[in-house]
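Mind looking over this structure? Questions follow.
So that you can tell them apart, the chains are marked A, B, C and D in the order they are listed, and the count of residues begins at 1 in each.
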């Protein structure tokens, strides 16, 4: 780094504050109407878009990491990925809390300028849709698909479609889990292979269930026992699901600690996205009630649909149902335990 | 206050820490099983119950205030009520955030002691049900009624029923709104009475609607125009609804400022109760997945039902749909404006 | 509002996202160095500057309100001011919490690009200095004055000086408190005037003090009794201080409720600004330790100085020391109580 | 687990709610004085004490882990410790935020019952002092030592002294860091030993310093170069300091990832304890101003002293000053890199 030869960097130029702080042109001002809260409305949405850009930046780095072929083992890259996913969670915490600032705008104050914004709508945030796509949401899973098409320009639809066509984090995690070697490596397990392991596990699992929970056995079998009956339309392959389960069960082994952190942080991302949508719903309801949104949307309805169905890593979350207490877990072969440890 | 004659008060006696700090007896310890997280599980639930007691304490004071016959005007009591409702909101903020501490307990760590707790269940928190009842939730509106009866002891059902039979905050607010004099006092409005006011308002409202929103007119009329068609089963009387609307529209008048704060804080309580349930749902899903709760409940299912239907002040929230921008509001008679002001 | 004739407004144009989302040019990228966290560093500072703009916007409106001559009485304007000050508090809450996102950047990750930023420094945020000036911080009260001059360009110093020369919120609040009529209006108090009131108060106050607190009496007298000995260099006039005290004591009277909210929200602003500086100090210490900041500052040292000395409304906060329990308060003349009430 | 034979467990018995919810006896009630906020005052302090118990529980487990002789390597135990330290951080987050609930009690409302509490004081919280002792605060380092002795009963002083005499987390971490093998294991480093490593590091470090920072070199040398001149009174041994530095620099190596998380979470604990004290100071100032506390303390003064001096892991935090950018770090010997990796 040639410190001396660089041009000095100043705060306001570095942050391009001339752009950032001159990008607020209230419509009410153009119309000569007094609407003191329109500035807040603009600025909070801009703050959200800045954070969305940052989330996309982090997701890009994480997807880059998982696109490499050689991260089967717990290299610095997985540590880095977990770190970045946790940062995304902290950003989402801010995003959720920030909604409280917008809630200081009363319905009456919003009405001062609301009509001037048609047909703009938060629904048109392309970056948010790209975040969803980048995590793994597919067009077919989007709540209100037709509506979605009608709201965006062709160029914007294309940007989202492109994002949807790339390898999402969900797909990359599935591939990484699928090729994880431990449960499937026959070397460790002898002739029986892992079917012996899962059969033993099943036995302990079934005996742990109450009467009311017996229906779960069929689901268990479809994932862990009968490869043939694997349910249609799942995001995770049977091997991925089994390896994810293995990680959750034996997360105390050194090599599985970070993979476990990774899986549980993915669930935290899903949870926080959902919290954000719920908080958003409440804000919308408080501000416009059952009115139709400026973009023509049924406001809260759409958000509720999305909040209930846009869980990307739902299949990971469902595996929790099949966990057993540590003292019932089958012991692992010694050679496997060795390989899950540090060299020293 | 005879300072010198009082017995000195010491921190740990004052707080009765001998009781508070000796009320944790992990079941796992009784069984000789190591389950390091059971202490957290006990303590966080105790912290919740302490906060529930405080919320009930505040609700008791607020209900006491609104049970007085003479609080039509904006006396110190309404100021006090708003203050206490805002405190309840700050407590609920803590309750929501506190869930994050419980989420540090992983599914596997919970399984270490989960089976020992049957059939205990958070569902058995009587204080929480009393809060709901105290706010205004009726037995018939409870999600999963039959289930609710089956989970509680007779004594506990009785406590909740008693709470449900008392004048709830919802009922008291309805009474207070119903007898509020301004819109209905003919003195201000001349021969036409307020029907003239609401007809003018209707005109402005209808012309503000988009095609897609026209269905709202019928609802508007049923509340503000045609007394006879008032919808069945509403919590608020027609006069209460109209007065609440009047407060929302003319909240800038001094006498209506605190009533407006009151109404919007009630909506904030509803919102935070819902946020708490949603956060609770996520925590349950992360900890037990689709397993049946220790109390036999379908866990997340019940909470979701409650989260979607237990809005106490929904009818207030729905009035937002009928608001108009300030510049379209009918002017108030001068004598009314005077009476909504301070004496000086 | 001629809805139909307006040009349609779209989300990304409305928010000028072309500017907002194209204002990030990492120095590391220009140098061909990989520094994945520089994007976060840029974006979080931009988010802060957006919020600073919003705070300045709100302060401008509030100062406009208090610049009017006729807000002695509790008009809608004071309600509006309190509302906006509370919004500033919610924004500061976000600002404090947002620091947690920056803390996800580890020292080592910052070092990847830190040297490239010289001599930029957060110290160069003009908007933050304008917020301080707008609230009431004078040049002479600034911690590290010389340093402050050396860090800014002449144009920036001028902007801050201009902000410092305008009527700050502190000055406007002092004027408003000074001309508040109640305590000083002889009509209410008869021949003795208010000296009788403050003498009675003094008696009750002195008898409430413990031995260790007796030194406070001199301060009390200098403010409430001996006009001549009023301490030098205070921001609030003697009348302002007495009226502020009167508001704090009789805040239950309708006309004083919002003034009380106003005063206590000003203290909350001070507190949150201080919390923000403390959180900032911790972040800086974690990220660069005792290193000198990129702008040449002694980093944490400066912030600590500012955190301890930049309390704008300190004199209001100190009045708390002189409060008495309600049951010891002198009764107010009946005519005054009437005038502090609503007309109806 | 013999589910069927266990006595059923019910929510309110399990949580001992008869104790928890019957441990609030307001003094004002005993005196027949109305003071509606005393309940809040009691309950929030009880909630704090519950959380303090939980923090002590977690610290006990962590100290148990580090008291074992065989945790040099990155075993499940370190993972567990990091997890528990992060939980302590989440609890402290709640503790900080919870202060906001107490701040809803106005000075005047506190005065309704404040005099009844003498000489109780939050200063008498033994659990909080035990947390400080358990982390590593020594009697000699306590701000206001004499004061501390005068406030507590002999029995309570004994409890704190006992806690201070046990192996604190600080001492245990020092021991663990001291015996960490990598930097000091000559096998990896050849004849020169690590002095070669630190000399190379010094060279890069010195050339990275600006003129103003040159004073730091002496401190650097005292820790990393001249064993003899090691500063008096440090908590960490020279080997511990060097190994901590090594962990911070090469945290991307698998075996050092969790140790790095451990060190940075210790700093987070220090930061949050400080945040809590600062928030506490603000609350006290807002509630009693410059009045002397009920226990006779100079209230805010004491807290400020503690907030500024009770950083337990300060020496770790100061190491940050000596970090270098990754591209300037000396390469590690290949055999060492191997041993810092996983077996597989």
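The rule is short, and it goes like this: a residue touches a chain if its C-beta (ideal position, glycine included) is under 8 Å from a C-beta of that chain, and two chains touch if they have at least 3 such contacts.
In this text the structure is predicted, and so the values were computed from the model without any measurement.
S.K.: By the contact definition above, name the pair with the higher C-beta contact count: C-D or A-C.
M.R.: By number of C-beta pairs in contact, A-C is the larger.
S.K.: Tell me which chain's centre, taken as the mean of its C-alpha atoms, is farthest from chain C.
M.R.: A
S.K.: With chain centres taken as the means of their Cα atoms, state the distance from chain C to chain D in Å.
M.R.: Distance between chain centres, rounded to whole Å: 31 Å.
S.K.: CA centre of chain A versus CA centre of chain C: separation in Å?
M.R.: Whole-Å distance between the two chain centres: 38.
S.K.: For chain B, which residues are shared contacts with two or more other chains?
M.R.: Each of 1, 115, 325 in chain B touches at least two other chains.
S.K.: Which chain B residues qualify as touching chain C in the complex?
M.R.: Touch list, chain B to chain C: 1, 73-76, 79-80, 252-255, 257-258, 325, 338-344.
S.K.: So in the complex, which bits of chain B are touching chain A?
M.R.: 106-108, 111-112, 114-115, 208, 210, 212-213, 216, 248-249, 251, 264, 267, 271, 274-275, 278-279, 282, 285-292, 296, 317-326
S.K.: For chain D, which residues are in contact with chain B within the complex?
M.R.: 1, 3, 6, 8-12, 14-17, 19-25, 27, 31, 33, 36, 39-40, 42-47, 49-51, 53-54, 57, 61, 83, 86-87, 90-91, 93-94, 97-98, 100-101, 104, 115-127, 153, 295
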